[in-house]
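Comments concern the structure below.
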Amino acid sequence: MKRFALRFARTTEMTLLVICVAMFAGLVIASNGDLLSANSLRVLLQFLAVPVLIGLAQMVVLAVGQLNLAVGAIGGFAAVSMGVLMADHGVPVPLALLIGFLLASVAGLLNGLLVVLTRINGFIVTLATMTVLLGVQYRVVGTRTVDGYPQSIKSFGSYAVFGILPLIFLVALVVAALLAVMLRRTVPGRQLLASGGNPIAARLSGISNDRSVIIAHTLSGAILGIAAILTVASSPGVNKSIGGDWLLPSFAAPIIGGALLTGGSAVVLGTVLAAFIVRFVDTARAEFSLEPSWVNFVVGAVVLGSVVLGQVRTRRQERRTVVKAPDAAVAGGVS
Amino acid sequence: ATGCSTKSSNDTAGGSSGNDASAGTSGGPVTLKDASKVKLALIPGGAHPYFQPWKTTAELDKTDFKLGDVTFNETGEWDQGKQNNVINSLAAQGYNAFGIFGVSPTDINSTFEDLKAKGFAVGSLASCPAGDTNSADFCLSTDVEAAAYKATKATIDAIGGEGTIVHLTGNNVDSNTQRRIAGVKKAIAETNGKVTELPVITDIDKDLQTAQKAVADLLASKGKEIKGIVTTAYNPAVAAADGVASSKLPIKVVAIDDDAKILSGIKSGGVAATVTQNPVGQAYVGGWLLALLGSKQCTMKTPGVIVDSGSFVVTKANVDSYDTERKAKTAELQKEFASQLTCQ
Amino acid sequence: MSAPVSETATAALQEPDAPVEQPRGGRVPWWANQRIGLLLLVVALSALFGILRPAFFNQQLVVFPLLRDIAMFTVVGLAQMCVLSIGHMNLAVGRMAAVSMMVTGISYDLWHFGLYAGLLVGLIAGAAIGALAGWVIARTGVNSFVVTLALDFLLLGLIPLVYTALTDNAAFVTKPPGMRELRNYSLADVCIGNVCGSPAVPQLAMFAVIAMVVVGWIYSRTKLGRELLMTGTSVKAAELSGIPTARRVIIAHAMSGCLAALAGFMLAVSTGSIKATIGEEFMLPSFLGPILGGTLLAGGFISVWGTLLGTALTTVIRKGLDLLGVGLESLNIYLGLILLVALSTDRIRTVFSERQGVRKR
Amino acid sequence: MTLFEAEKVDKLFPGVRALDGVTLKLEAGSVHALLGENGAGKSTLIKVITGLYRPDGGRLLLDGKEVQFGSPHESAAAGIGVVHQERNLIPGFTVGENILLQKLPTSRGLVDRAAIRTEAARWLAELDLDIDPDQPVTDLSVAQAQLVEIAKALSIESRVLLFDEPTASITPNEAERLFRVVGKLKDADCAVLFVSHKLEEVFQICDTVTVLRDGASVLESGTLSDLTRDEVVDLMVGRVHEALALPPRTVPTGAAPLLELSGVSTATGHADVDLTVRPGEIVGLYGLVGAGRSELAKALLGLDRITAGEVRVRGQVVRIRNVRDALHHHKIGYVTENRKEEGVFLEQSVSRNIAVTVWDRLRKAFGYVPAKAETAMVAEYVEQLGIRIASPAQLAGTLSGGNQQKVSLAKWLAAKTEILIIDEPTVGIDVRTKDAFHTLIWDLAANGLAILLITSDLPEMITLADRVVVMRDHRVRGEVANDHDYDTMSQRVIRLIHAEGTTAA
């Protein structure tokens, strides 16, 4: 236990945790304690649910050395499909949500199948599916904002336990916990990470890398399906803009969280913490009335800073460096 | 249940068109002779609810003015390069009259010049080029600065002439946004310090979630100070109406456009006012003018003239009647333009 | 010591009875050559669109803007290709164009530079920002994907701040003499005696030709180009062969930034003004051109011609769909699907040719 | 009893017939050696047996019944364990998980960590390995990693075990432990297949032997005790192999040293290293795996920091910043031990691989490299070193190991270096090519080059070196003048290594 604690103290997660706590404390002070009010906390957490999930959706494909540029398109497409089904076609809420979830999972599955069957780099495949799905999203909803769906789902989206803990945030945490258990403690999860860590070795150990890639993409789609459900539940309505700003944060969270683009790393906690940090930057912008441009600027600086720091740390831990040249590792890996 | 702007605007289009059509073809000061050689293209910047009335009005233009053909093409996808390509492709296919919402106000004059050089009739619709010149034959657009000014005035009225307000808007690096910010500032300056403004929140029109989050954060951090919110972009308007309603804070929201959601907000009192624009009038009067110019029947007395297509403050009081006002404005626009024309 | 290896050693090293190993990098049947396949595809599609819509061959209204676009996106593709050559990516390619054009805009607006002086300043700025990215990557060893993504975020925040501080309309509208003309001039405006060029070919395309020649020359004829490709194949081996890999990484990214700036300039000239949103649409085409053209994502192999053809393919498809009147409801769906098919056929061709005992290059 | 049989197996790769009707019989309770030159098809046969490749002809029989394996998973399930030639561990995983990866123990659907720990510990104990199963594999040394691979193969409790060059990167000590395990397996009536280029080992532990040449078996299940070492070698190379006779060479003792290290310490842990190499001299640097010889070479080239001491080249104190510096300013070349990753550019042409060091010399204005000069230069070295290629445009990755090694060396000869550090030049290279390399290195020295030869192959060292410097734990333990007599030399060297046993693990 002590050894574990020691090891944890040196991890990215620990650094992130410290940053989180420091930022939170800073914001509390800056807001004269207002941030601790139930309402402020609720708002803070309410808008964490979706970022956490899209970060995880990206993390899980990064874990097999793939990437998914279609995160926003899959989520947006699923969200508007659910909205249209409920509002225009009167499909019952649970059924509509299930269909949306399945649509997103199937989109992920298709990504995986395409990568495996065509052997085209995942980067390019998901770029193409992103284009297609954006088209589909527009076709489904046009320029409308759809919001005529039952109150029940809206109250689910806005309900907060004790007025502080939004239900949707808890859903996101549950998904994160399940994903962590899956990646750490189940055989498919371990196989997925093994494929990402060393595809050749995984193959020699009887693991199908193709299967891992398909599972990862499908999982990514499924998580995005849940993100889409939460979006439908908590937004004033859904339109073609949903998902438009998911791509960059989806990379920012796992990368700040310590994920390796080459695959093999499962950083659920790191991703969640990184989403918190990005959210704090947002809150700070509102608190100090900064232009939104500053958020991008700060997030960019934080990502750059954290990777550089992370690199310095691993460099130091490494007993030797073979060559002092950058690693030419390329995203898109297993394909 | 589909609600939203499409539907409500459809109604508008259907309702107003009959009157306008008669005004244009028979009762108007200029009688359009033969426009069968005119092929009209209405080209918005990209997909946006604001432009949906154009689609139906375009069809109306075709029948009312007996045009050779009309098309409505939104594949510009908010990229000036793509929009130029769309315009060129349409020109190559024989379209010779263009009503264009330029994606980039600072670039669109170049596009207009190209089209003019090739002898086409060009109108700048719903947005005017940045700067002092307009290279199109005319510009028929909401005066965004005036609209923002009106919206702010409405906000100030709603909050009782005193207090702090905040302005939510779209893409910061767009000259129209800059004009909106100026309009808001002007109205606030006129209160001599009674009303103060928090820093403008820009760049939240890209998508609904960003707008929603920005509104929620704003309300959480500054909710108690804020008396009113004035919005001059679509997604922030929807998000602010919703956010204020669910936060139960006594904040007055002034929205933009007549989205069904916003209209119902006005009726229920959740939204204090909204500033609607006149997309139907733009497409209808614009189409009529382009038919006259495209058939070479008329020319503009002063090329590049800029006309405000009108903006209308809608409150609970006039929510049921504002459309009449808008139709009147459309008819008036036609008269105004008639005096600007030299016709054979 | 002209011959370090003596006859005896040479004799010992010969293996007279060993069979010559199968050459797998050598000749490839013509149908397996990606570039020729692409060329055929572009020609066939153009013919098809031309038959369906004769307007496709309208010189002024279709071919001229089409070539202008192909030229610009080829330069964008080359910008990405330079970093792909070392196995890196530049996700900030569009934003680098925006920053460099911002500098160019400032030079026109505030310092009253001429057209080409401003371009030069922009190219230098682009190279500098690229070099900065390269330097961070080389120094820290962090993956280029991450560094350029973060840089993209950073610039995305920075650019609007500068524009709002320096301009009224969020754009630099000062146009130096010559800019307006450059936009519309074609080869028809270049005459030798009575013979003039084609009105369908924009003069702006010359920038792309120059870029292609220079980049092509660097990669095929010079030490620098070879070293970049060697670095792309294996950094370790390159470093251990005496190639200054860190410097090569910086140079590749600087070239990328410089070309991005050129593309930004071409965009600014062809749309009209210098504004913050320049380059926003660059990311997708920057990868499509080179990848469709055969450049490897993993590094070590590039194709300048392929980049041109890959760009031409995607641009022609979009133009064709435009002319066919495909609305926004279907446009992106078709684009994405066609893209997948184009990529898959290339893959099928590769597999097929590998089965015949050759290796695609 | 025959446990496993491969019958007339064919395997085709594009343009290569890697296996041509190979038959292999593995008996229970017996260790079977599979020998052959590089590229003979040994690894390919193993990959076919384990279902990694699908055979193009022939059949596989397990317990007399025909089997077909679609994947390594199926062969493992059928009881065939394998240690592949390349190391194959998953970096983020613990030792225990890596060992049991093929069938992770679960309880109630979740991976059972406690079970992993106890189970893995059992297999590690089997190999007398003192490694914590919870340790991440990234912390292991190369040799430890290799041993974990072996534990992994043992863990599936297979009856047929295939070892592909398991001893290539472990110390003789560790090899002995492995041999003890092999003995146990033999006693337990398992069938073991053993691939190695080290014939001494083969004769020590194997009972029977199959020899492959160019994908075909030239000897099937011969009894090893009936064969001599020379006979086996002759079978492998396909003609009578003569012991290498190198021409006499005078070693210049008086010449001023070209390379001189005094009191050098490095960031990677070397302390107080003294070393001198004169022109025309071959200095051997010997040590067990991990002694720090390659690291010393890399520090010398500026890839790691030198913290103390002096490096003198041609008498001048120098500070070499990188390989480029070493090459251009000091004419020092380094033939790396890791051919595939650091030595050659597999995806580039042979021509570029050789020319990479000389572009600086060939270039004209603007860095232009005239193609003609390049081609001529490449052709010269291709011919001198007898590199077998169809054209200079052929990709280096398509060459055999030996030819790749020649390419890796050619670039330094082309650069006209005067000091050459050659690291493990003949690892995984067959007997005949090895001899050719020995002749070449000998010859280079005779031509006046100063050569620092790093090798773990003691016979090679004794054949070539003029002096042998022995290293252990990053320190020079002593120096032995070579008398080219294997018995005395090996004793003296080993004694130096094990002198005053201060060890830090």
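The first chain written gets the first letter, and so on, giving A, B, C and D; residue counts start at 1 in each chain.
Following the convention adopted for this analysis, contacts are C-beta pairs under 8 Å (C-beta built on N, C-alpha and C of every residue); 3 or more make two chains touch, one makes a residue touch a chain.
What you are looking at is a predicted structure, and each value in this text was computed from that prediction instead of being measured.
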With contacts defined as at the top, give the pair, B-C or A-C, that has more of them.
-> A-C
Would you identify the chain whose Cα-based centre sits farthest away from the centre of subunit D?
-> B
Could you give the separation in Å between the centres of subunit C and subunit D, each centre being the mean of its C-alpha atoms?
-> 42
If you average the CA atoms of subunit A and of subunit C, how far apart do the two points sit, in angstrom?
-> 31
Per the C-alpha means, the centres of subunit A and subunit B lie apart by a whole-Å value of 37
Can you list the subunit D residues in contact with two or more other chains?
-> 303, 342
Multi-partner residues of subunit B (each touching 2 or more other chains) | 47, 172, 203
Among the residues of subunit A, pick out those that touch two or more other chains and give their numbers.
-> 138, 142, 291, 293, 322-324
For this structure, give each pair of chains that are touching.
-> A-B, A-C, A-D, B-C, C-D
Can you name the residues of subunit A that touch subunit B in the complex?
-> 31, 34-35, 39-40, 43-44, 46-47, 50, 87-88, 138, 142-148, 158, 231, 234-245, 282-283, 285-287, 289-293
In their shared complex, at which residues does subunit C touch subunit B?
-> 53, 55-56, 58, 60-62, 65, 69, 159-160, 163-164, 168-171, 173, 180, 183-184, 267, 270-273, 275-277, 280-281, 318-319, 322-323, 325-328, 331
Touching residues on subunit D, where the partner in the complex is subunit C | 14-16, 238, 247, 301, 303, 322-324, 326-328, 334, 336, 338, 341-349, 352, 355-357, 359-360, 362-363, 366-369, 371, 383-386, 388-391, 393-395, 398-400, 403, 406, 411, 413, 415-416, 418, 432-433, 435-437, 439-440, 442-444, 446-449
Using the touch rule from the top, collect the residues of subunit B that touch subunit C in their complex.
-> 47, 71, 73-75, 77, 79-82, 84-86, 88-89, 91-94, 104-111, 114, 118, 130-131, 172-175, 177-178, 203
Inside the complex, what are the residues of subunit C that reach subunit A?
-> 86-89, 136-138, 140-147, 149-158, 160-161, 231-232, 234-236, 238-240, 245-246, 249, 284, 287-288, 291, 297-299, 328-337, 339-340, 343-344, 347
